[in-house]
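Below you'll find the structures, each written out as structure tokens.
Shared chain: chain A. Partners: chain B in the first complex, chain C in the second.
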Partner chain A sequence: MNVDQNTLEQKPVFKTTSWFVSRHNNKKRTWKGLKQIISSEKALPWPDDAVHYSSINAPPSFTPPEKFSDLSGIPAPYTDPQSRLRYANKEEYATLIDLPMDITAGYLALRGATSIVG
Partner chain B sequence: MSWDSKSPKISKRRRSSTSKDVPTKAAKSASLKALIIDNGGYTIKAGYNRDEEPQIIPNCIMKAKSERKRLFIGKQIDECRDCSGLFFLLPCEKGYITRWEVQKPVWDQLFGKDVCPINDNPTIITQPLFNFKSIQDCMDEIFFEEYEVPSLFRCNPTDLAYLNYAKENRLSRNEACLIIDSGYSFTHIIPYIKGNKFIQAAKRLNVGGKLLTNHLKDIISYRQYNVMEETYVINQVKEDTCYVCEDVKAELREAAKPFSKNTIVKNYVLPDFNNIRRGYIQQANKTDEKEESCQILRLNNERFVVPEILFHPSDIGMKSMGIAEAAVKSIYSCPKIDRKALARNIIIVGGNCKFPGFKERLYAELRSLLPDLWDVKVFLPSDPITYAWKGGGALLKLHDFKSNLVTRQDYEELGSAIIQERFNNFMIDDSRLDDSSKPPKEQTNFKYLEKLKSRSIFGKQELCPSGSSNDPTNEENGAASNSKNEQGEDGIVDSNKEESNSVSDEASQDSFQAVEVDKGKKSKVTQEKQSEDDVDIDSDVSEEDLTKSLELFPFGTGSYL
Partner chain C sequence: MEILQFVDAKTVPDIVHEYTPALRNNSVPIIIDNGSYMARVGWATSTEPLLQFKNLIAKPRRERSKKESVELTQAPQLQVGNDIVNIEALRFQLKTQFDRNVVTHFEAQEHLFDYAFSHLGINTENCVPHPIVCTEAVLNPNSSRQLMSELLFECYDVPGVCYGIDALFAHHFYHEKIKPEGLKDVLIVNVGYQSCHIIPVINNKTVFENTRRLNTGGYHIISFLHRILQLKYPSHATSITLSRAEELLCRLCKIAVDYRVELSKWANPDYYEEHVIKIQLPFTATVVNSAVTIEQQKERKKELARRLTEINARKREERLAEDEEKIGQLLDIKEMIEYGADKATVERTLTEFQIKSTSELEKNILHLNNRIEKTKLKILAAASNLEEVEEPPAKQSKYSKMAFESEKELYMFLQNIRKMRQEILTKKMIRKQRKQDMAKRRTAAGQERMRIISQLARKEKGNDDFGLRDEDWDIYKTISKDGGDSDSEAENEKLVEFDEVLRAHEPSELGESSNPGETHQLHIGIEIFRAPELLFKPYMLGSQEAGLSEVIAYVISLFEPEDQLKLASNVIVTGSLANLPGLKERLVTDLVSVRPFKSTVNINVMNSPNLAAWYGARNFSRSDEFQRALVTKKMYQEMGAEYLKTYQASNQYIPTPSPISTDVDVLS
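Up next is the complex of A and B:
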């Protein structure tokens, strides 16, 4: 009898057949976002040669990026200095000079070239 | 009542403990039945190790426009009739679980009675490389306390893929492999050397299927229809039409041709969820009347430009290498002996490998980047998505697998910190790490630099380090050198020998700071002796004026001074 009680204490029995129904907590828990997790991970005192999440990021490429037309996607030798859009021929240029600002901004965002420096 | 439910578990536990004491391989592998879950960012692959194929379940909660009140969890999406404007709630952020309020219902549904119940079996679940501690804590809590699994094991999907490959090809432990896992959230490139991950050379590209789908969505929205809401449909478009080309420039020239001569352009019939449930590529010269009323998407260079991001992330302004370049970089960060074997055993897994031409392109790029003498082999499994899951069976057959498994008792006794260490160190060999980092540091022994320092040709005289007496590791053997240091400080004129000695002490200390302390202790004594010997031999030289030494300045010092 004594033994039985010991084992009972070891493993509290609260498992029911409907265990997969999630517990209902009325208060909503908020979780840390990935950015917060990464920054807190970075703040830890790592040794110099440790490998962690941020250190295995692939470094920048050695080859320069190819230039493609923003309108059609074909290789583009030209860039419009005003809108910074790339274009392949004069027909495309004729279209892009008439484009409104928000469209050009959208095209640039598509290429990931929204930074002022680039 | 409660006693009944408990008794089989106890007998099981007892059995496992006896089998640990007396290792009988055959009996173990026969008795083990485990639930294997490959918890991907887009789909969960789950099933028992004896199953032939896993069940593939979407790892998300979806909201449909047609049925506003209902949430579709995981597999329930099959019941949804109108998948237009499907809204996804994804548990993962860049591949790491952060929204538990989404992940939990999906798991609840997965482990429910009718899909894949745990039923007191050991559970193996995958996690990305360098999973964060807070995420692991949460996972431990959910599995041990909420699902009450008897035992749990976590490993990387690449581990499983490696084990599967090693088992299938009967690789010896010495054969190194490079696993490229290109999934939904990211692409990992991880070399395996002697059966262990070589994490120093691991690389991650933040390009995955999700990014490709979103990019295709963006392009189409700018060029044709606004499909920004239609992630689900566009993902199907991507799966059906996109491919990886051999040569982008040539392909672009082909794509620029007019429609009649163009072999790339395809018309894709978008689903209307009335007559057509899933979109398809329209056959040329054939028009169905069913298609008349449907919207048709014309895809031209989008078909190969989108997957091209995997090889050139710079196309969309990401400052990152492509897969092939990163793989080569990873190979070259490995020890020299293993590089050839790595090039010979490249395994690609993950959903992105299903793009037609992916393997050929990767091979072509690797071939041009790696030395001519090396064999390059890229292995694409018949089903790259479930390949890692299938490695679960191989994992169970590892001889030391039972000792890695964490039981609930372990968890309750040890807490999650210790068991997480066990998971994270799985297939990482610590002794190897030390070996590989040690030799290069010891070899950089520039004798003349030390002399130059002591002779202060280049300006300021460097005093011997005060740190040597503070350093706690130095206590045992430090007494002798300390006394020397004091001498050197007191009587600078006294002798050059003492000084250079102390400087070389400093140098030897520097070289050891990075290496592990307790290992450094022993060899330090020997190195000090060595450096003393060196000084004795060279003392004739050091007594002279170094600026006149021909050895150091063959052309004289006039240009420096």
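Up next is the complex of A and C:
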């Protein structure tokens, strides 16, 4: 009885039985992520003029990025060589040197500046 | 200044709508605007979408222990769309069918369709006898459409499906209807949740090769805002939630027409004070006032009082002992005189005690006797006082003063505590300064350190007597980066204690705010501009992509000059974020700056931009074109699952070529 109730509860009437049964039997199904889809799409021999999802990405910026203070967002002429955070004035620097590691790391990660090289 | 509060809007679970015979028998199309943020579902005959819900499901994790025993009966309750009342409680279990703006997770999509169809009231056996109009991403990968068709035809057995692009539906079948200017060239800017699209339409035909997608959207703005606020207020990190950030975006955020100018305005402290928005976080006053309970607080105060009286008692005892010793000595001298010692010795002893004459000796003895009496009395009084303090703990303000004999003593005591506190603070500061200096190479401290290190490293054979004396090892203290001693636990404890004492005696001392809620306020200034600015400066999140204005200019530049003019003079903004204040003005200024002198630039924001796609799709389903654009089940079976009929608002259809033989079989 329990099982009956469950099937009733789980399967809305409007779903086809065949689909429901097949789905129920092989539950685990992995779905390709977008990256996988794109890369498998790229591997195919498309006609030359075909346009794809991956081909309409925005171009990279042609202007150099402006530097803003990590703390306040106002234009920042300085960078602290130790924490690599950007700051705008001495008051910000005073707060910056007191910041714990996790906060400075958080700011850098947010800006995507965690790479050692960059 | 008014202080705002979070609304924390809760979703209302959807009702199950009535499935009328008119709907059932006429196979009325179902319109689904399947957006990466929200889904809007309704009948082609309805004026408004009946269901609007976030495209999310929450799947509670099954407990591992129960897994084997009762698998089916204990199936976890799945929450879908508007069933999720408190989204923050389930934040880590949320799933969406979208990866960026493409549907990839079709199990989740199935749950969401189940939710939509059952709330539309559909109760026909084994099928949904209605054609579906569904939106999809621009240039949706074929494999995604294939799985979507499979789901719709195989699982719900729908008679037909029609896919279209949301922004194009909105433009061709909604916007044009209310603004019948008949302009055939348009640049559609769709500002969405996961991405922004810039879609040029020339002569009513979508130019896919010049379409561009900016992979920054509302989602990124929300998470950016969320994170900067969390980092700004680390102590409130848990109360700053994503849904609250979303609320901030909807209620407060604006786009600066000129971001630099806006920034320089906010950099001025007066302007900041005047315009900063304060938001009160929910808090409970008692918890704020003290991390400890009242019981503990009382206990602590008692302890403190006890310690103070102990100090005083010790002092008195010391004084008593001192006096008693002195009086003993004086009595000795007196005895000596009485027993008739020679004059010279008496004189010497008297001068030793700084007493001029024997009469003064008598006086001193009397005086000391009095003092001893007094001190003894005081000790007794203090002991009884102590009892008193412990009896009525309710009068907490009095206890501190009772421990002292006079105002002056209290003052001295406080002065002392203050001095000690200051000493610790200075020590700490010096240490910090030293640490900083050590870390840098060019400071005197840093160089001194390097000198010592190099001296230590220099090995002179033969006469190495390092370590013979214990002091030798101290040198390692001086070269360690924190200068030998770090902020010790004991010191911090002392500091806390001193603060407590000072607070107890002089509440105004440490600048305690009178309103405990003030520490639970978020001050939001430049952030309301900073977060949405992300659309124009994706590099603020570390993205390499160009900003919205730049991409628009880029897309326009891909066309011939006369087409450029046409596109620039008819730009339409749609998508949920199109209503962000200032967006239109910003786009106008940015576009004018890149267009030739005196050329026309015209930008319009669509009416109800968040629902326009649904309205457009609905209008389309009522038109004659709809039947032509419908992919029926038969076509699905014949042409393959990815098949698409192209029309004005659809994607283009390029059948997936069969893979190159050397390649691994990537499809299927």
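Brief remarks follow.
We adopt the following convention: the second predicted complex is superposed on the first by the 86 of 118 C-alpha atoms of A that agree within 3 Å, B and C clash if a C-alpha of one lies under 4 Å from a C-alpha of the other, contacts with A are read in each partner's own complex, and residues count from 1 in each chain.
Convention: a residue touches a chain if its C-beta (ideal position, glycine included) is under 8 Å from a C-beta of that chain, and two chains touch if they have at least 3 such contacts.
All values derive from a computational prediction rather than experimental measurement.
In the superposition on chain A, A:82 contacts chain C only, with no contact to chain B. By the touch criterion defined above, A:43 reaches chain C but does not reach chain B.
Legend: residue contacts after superposition of the two complexes on their common chain; A:97 is shown touching chain C, with no touch to chain B. When the shared chain is aligned, chain B and chain C each come close enough to touch A:62. Shared contact residues of chain A, touching chain B in one structure and chain C in the other: 13, 15, 19-20, 23, 29, 31-34, 37-38, 40-41, 49, 51-53, 56-63, 65-66, 68, 72-75, 106-107, 110-113. Taken together, the chain A residues at the contact with chain B in this complex read 4, 7, 11, 13, 15, 19-23, 28-29, 31-34, 37-38, 40-41, 48-49, 51-53, 56-66, 68, 72-75, 106-107, 110-114, 118.
The touching residues of chain C, when paired with chain A in their complex, are 72-73, 75, 99-100, 102, 104-107, 110, 114, 117-118, 122-128, 137-144, 154-157, 208-209, 211-215, 224, 227-228, 230-232, 234, 260, 263-264, 266-267, 436, 439, 526-527, 530, 537-547, 550-551, 554, 652, 654, 656-657, 659-660, 663, 666-667. Listed in rising order, the residues of chain A touching chain C in the complex are 2-3, 6, 10, 12-20, 23, 29, 31-34, 37-38, 40-41, 43-47, 49-53, 55-63, 65-66, 68, 71-75, 82, 88, 97, 103, 106-107, 110-113. Against chain A, the residues of chain B that register as touching in their complex are 2-3, 5-6, 10, 93-94, 96, 98-101, 104-105, 108-109, 111-113, 129-130, 132-135, 146-148, 189, 199-200, 202-206, 215, 218-219, 222, 248-249, 252-253, 255-256, 300-302, 305, 312-322, 325-326, 329, 437, 514.
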